[in-house]
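In order of appearance the chains are A, B, C, D, E and F, and numbering begins at 1 in each one.
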């Protein structure tokens, strides 16, 4: 069951309205690395998890991402201000001026509608955890980009908070991964010598890895003579 | 802030696994009239509502729709069972067998990914309430269709519960609409005689409304001579 | 059968080209509450309607929405002018400058492609009529937003005309709804006490409805103890 | 202005209901080469055409494609029959059983929602006509595929009619192309020797064209030494 | 097998960074008539072609389109420069500033994500070749539009090169079409008199074609009395 | 520059046609964890990489994923066989029977069109590498699911090969990550105490991590009293 508390997870305020920045911030409400995506991915993955401790972590974080979504939307709302002039936002989508009445929307900064294509769910815990670790890192990167685009100190404080929370989630997902890393798709599934080959298909340039090749370089690494099953 | 309680809003169980029906039920998880759509529409609309009572209703219902989503997903999960054979579901999407490991997904029954294009947000309270009244009615219709497709008594009980709840939400949104119906887009916005014309553009057949025409029929109702501004 | 008459439903002209406003007006050609959506929704719903009078209303309005679409596109075309400079439109999509040669497109103001996800069809007349009433209200709201963004008197006249026509359609759909409101999904479908409960899931704040609770308040309204089926 | 005549462009009937084939036929209602796509493409292209004769052809055909859409939808409706059992259609989308109440929908045979991404509009008449010639050919191919999947003689008659009409449209677009082929993007736009080179990038195999190379083969056709501007 | 050569197919450089034009050029990386679309369409069509010569042409061109995609992306990358300020691009999508770190993306100029809905594959060689001839023409038109929007001489040289190459591909596809034009969907498939009718559904205006009507005008060309099967 | 070699990267054959399995295998041609997605993600990310060794790895792998895509498509083509009966595939999309003439398509197993929403590109190397490690793991999981659904020994050999290659790519991306892990978004970006808090938002259940809390548990972990900036 989900419940809502009207107190925000952390205070949100802005120095002054800034419709252009409001549009940019939409990226983390309805974009591919935004809060809605994170919430949906973790809720959805949790549906089939059996390990109660890990299920708890996923749902703790999912509820928090929902709460972040609410914070970001609150900031967009304040930044949108009360001026319904479409040309007040000089870059990005103008949908909030002519479609939603300055209401935050489930789109990214360019007006692309949120899609479940952003959500990765495989039913395999190692794969899902790796997806989440990567997703948190991407969310952090976007917040760093957004941080550079504004001087409003309160908005920056909010971004700092959210960025730190993504870091915390990253840590939590990594800890979960440590615990289950020998299960599911990470179990040996009949890896053979093909997993140790290196195909040099882009030339010039020859990647020299150490772990991949092992002590003895593979006898075959020529794409001209591909392996025959 | 959103919080999660591991107790479901209402108990969910199934008589036996039924992968074909699991696929059908996906319609109310990730389809256009499903629970995710309802939750997202009401949360999103609430962001800019100023009237605290009405904002409360929207968020009460939004949190409940999130909880319904969890119930529907739980039922899908149980109906999917443990047989990973893709051909066990004879109609509908097979994604849960080859992509998500039997995990519920954010798609409709045919595998179409959920999109924010389903969500209607205008920033105008009368319009948003009318959208919600219509949305609840459509959700009810889909649950009626789904009810006919299964005999599992527990699944039917869950559908009965959800259907009744949509009815309750419908009632609540109608009450809100009564309160605010003379505000926003419902205020007179300079309606002129064009709002009382009837264009008979599909022939044969001539709609005779009473309220539209008023006591005096409009002098013009002929599409051959359209109105000149 | 559909036929086309080269005379527009109502005259369309503009004071002067205005590529920025042309982009905004795209919202009502290819956006979620635009004319194409309305036309498609009503045509599609009409396919299975048996009541000849109501089928007639749907098709009268659908043909008119097609005719509105033509008017909006004609206005966009005039507003686009003849200057192929992409930077002449300072906000919104630039697709018409680099992709369509200043031709109106089936996208919204931000360039999002029109999708049938905007169209609601349930095969149930009460639900479809409620969808249409809500859709007309949303269309009206968007025209009000667009009206504020331009001073061109001819464009404003066109918007006034279209806005009044949405009002007329709204009236017609409401009249239809009166006639069939006890059919389809509006028939009593075994509503039980769950339809009269109120779950207070967002706190603080406690919605107090009158119609919902009835003379005797429900004995259960505590989400901590959800109903057991 | 668009008008609707309740008489179909050509009679539509079926020998008996066939929900599986109804699903297949959805391909030509809401698929990429279906009737809605054709209608939308020609209407949209016509908005900016100045040549009145060619504009007339586009709109004659567009209105006919709208009328075909109505015929295809009528056939789907009859084939869907009255049995709301989702498993009665053994392949393809089940949306019409659980979402639309057996109403035809704006999707293809797999339930993918129609999108304006199918529509090609460039504002350049030679390019648009070539797009239309190709679109008519693809529509014909899909009708040929669909013809093979059913024995119902009335459905086959309808397909024969539609297929012949695509052929007629193809002829009409080709005639238009003859008339304007030296305009727009077909005018010489500074073609240089790069337009006569042949890059043999897939090996082995060496395409030997006659028109391309001319009497003297180009001195350069080696991708190892790409042209330097 | 695909291989990559780090040398570009043709040199790409720019006079100076130009983030606004970088956004416009995205149209030919991830738009409907861009290089990715062309590459994907020809690769995909080639999978079932049996004629080895024609398969070779499709794959030669597909590999070249992949190489064009790389050139366009390289130009976008240079035009994006190193200034991460979102407002430096005054029109079009701002995603590259806040989402991709100035990396080229698989979107069009308005940020619409690339979709396989752009790709036409029918398994019928005449239809596929006509699709490709039209696609090359549209690509040429977009390059002409883009050429007008910039003065950077190196970017113009690149566009000239690409435009000439589309012309070459057009020629090659036309030659292929000559060779196979009596096969597949171009074989006589039982065309009857319906293919020679002309329905005058848009009035006023009466298209007079010569080839279509033949020496004797069809006895039926009145939409009021549609053909009865 | 990309080049194509008509020899496949590894031999592909099938014991016998199997249209149902052909549909399933579409998941790895045009699905979210399929070969096209992998190829596009790595090509796109490579555009802005400066480190030549890492750029080489990305392009080696990208070219190989293109080659895998060709292998998967070849297998689908053989499995589709020559029977154009739409009902021969009993589950999954029927598009290949009625739209593409048994040609492989850029869709997943349910007919959902491939979308660039699947592609993650951030311009930040640590984030992109984590995305790729996760993507390879998900691809491996889907191949494991697909392996279970078929007995055809040659198809299983192909899946074994591809699965092993994803494992190799995973190893290569991990090695790259080791080398650059202290750069970009992984540099300390002003992490504060908020990164070490744990919000217990789903109850009951209390995740106890070790690394997150450190030697001293955070003084705050109560969502009732959220942090104040």
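By definition in this document, a residue touches a chain if its C-beta (ideal position, glycine included) is under 8 Å from a C-beta of that chain, and two chains touch if they have at least 3 such contacts.
Just so it is clear, the structure is predicted and the values come from calculations on it, not from any experiment.
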item: Higher-contact pair (C-beta pairs counted), A-E versus E-F; value: E-F
item: Angle of rotation relating chain C to chain D [CA atoms, steps of 5 degrees]; value: 180
item: Mean-CA-position distance for chain C and chain B (Å); value: 15
item: CA centroid of chain D to CA centroid of chain F, Å; value: 33
item: Numbers and ranges of chain A residues touching at least 2 other chains; value: 1-9, 32-33, 59-60, 62-63, 67, 90-91, 99, 101, 107, 110-113, 115, 117, 122-124, 141-142, 201-202, 205, 223, 226
item: Arrangement of touching chains [line / ring / star / complete / other]; value: other
item: Which chain pairs touch, all of them; value: A-B, A-C, A-E, A-F, B-C, B-D, B-F, C-D, C-E, D-E, D-F, E-F
item: Contact set on chain C toward chain A in their complex; value: 20, 23-24, 27, 31-33, 90-92, 108-112, 141-142, 145-146, 148-149, 201-205, 223, 226
item: Of all residues in chain E, those that touch chain D in their complex; value: 5, 7-11, 32-33, 52-53, 55-57, 59-60, 62-64, 67, 115, 117-118, 120, 122-124, 126-127, 130-131, 133-134, 137-138, 140-142, 144, 154, 157-158, 160-161, 163-165, 167-168, 171-172, 174-175, 184-185, 189-202, 205-207, 209-212, 223, 226-229
item: Touch list for chain B against partner chain A, complex; value: 1-9, 30, 36, 40, 43-45, 47-48, 56, 59-60, 62-63, 66-67, 70, 73-74, 76-77, 99-107, 113-117, 119, 121-124
item: Residues of chain A defined as touching chain C within the complex; value: 1-6, 84-87, 89-91, 93-95, 97-99, 101, 107, 110-113
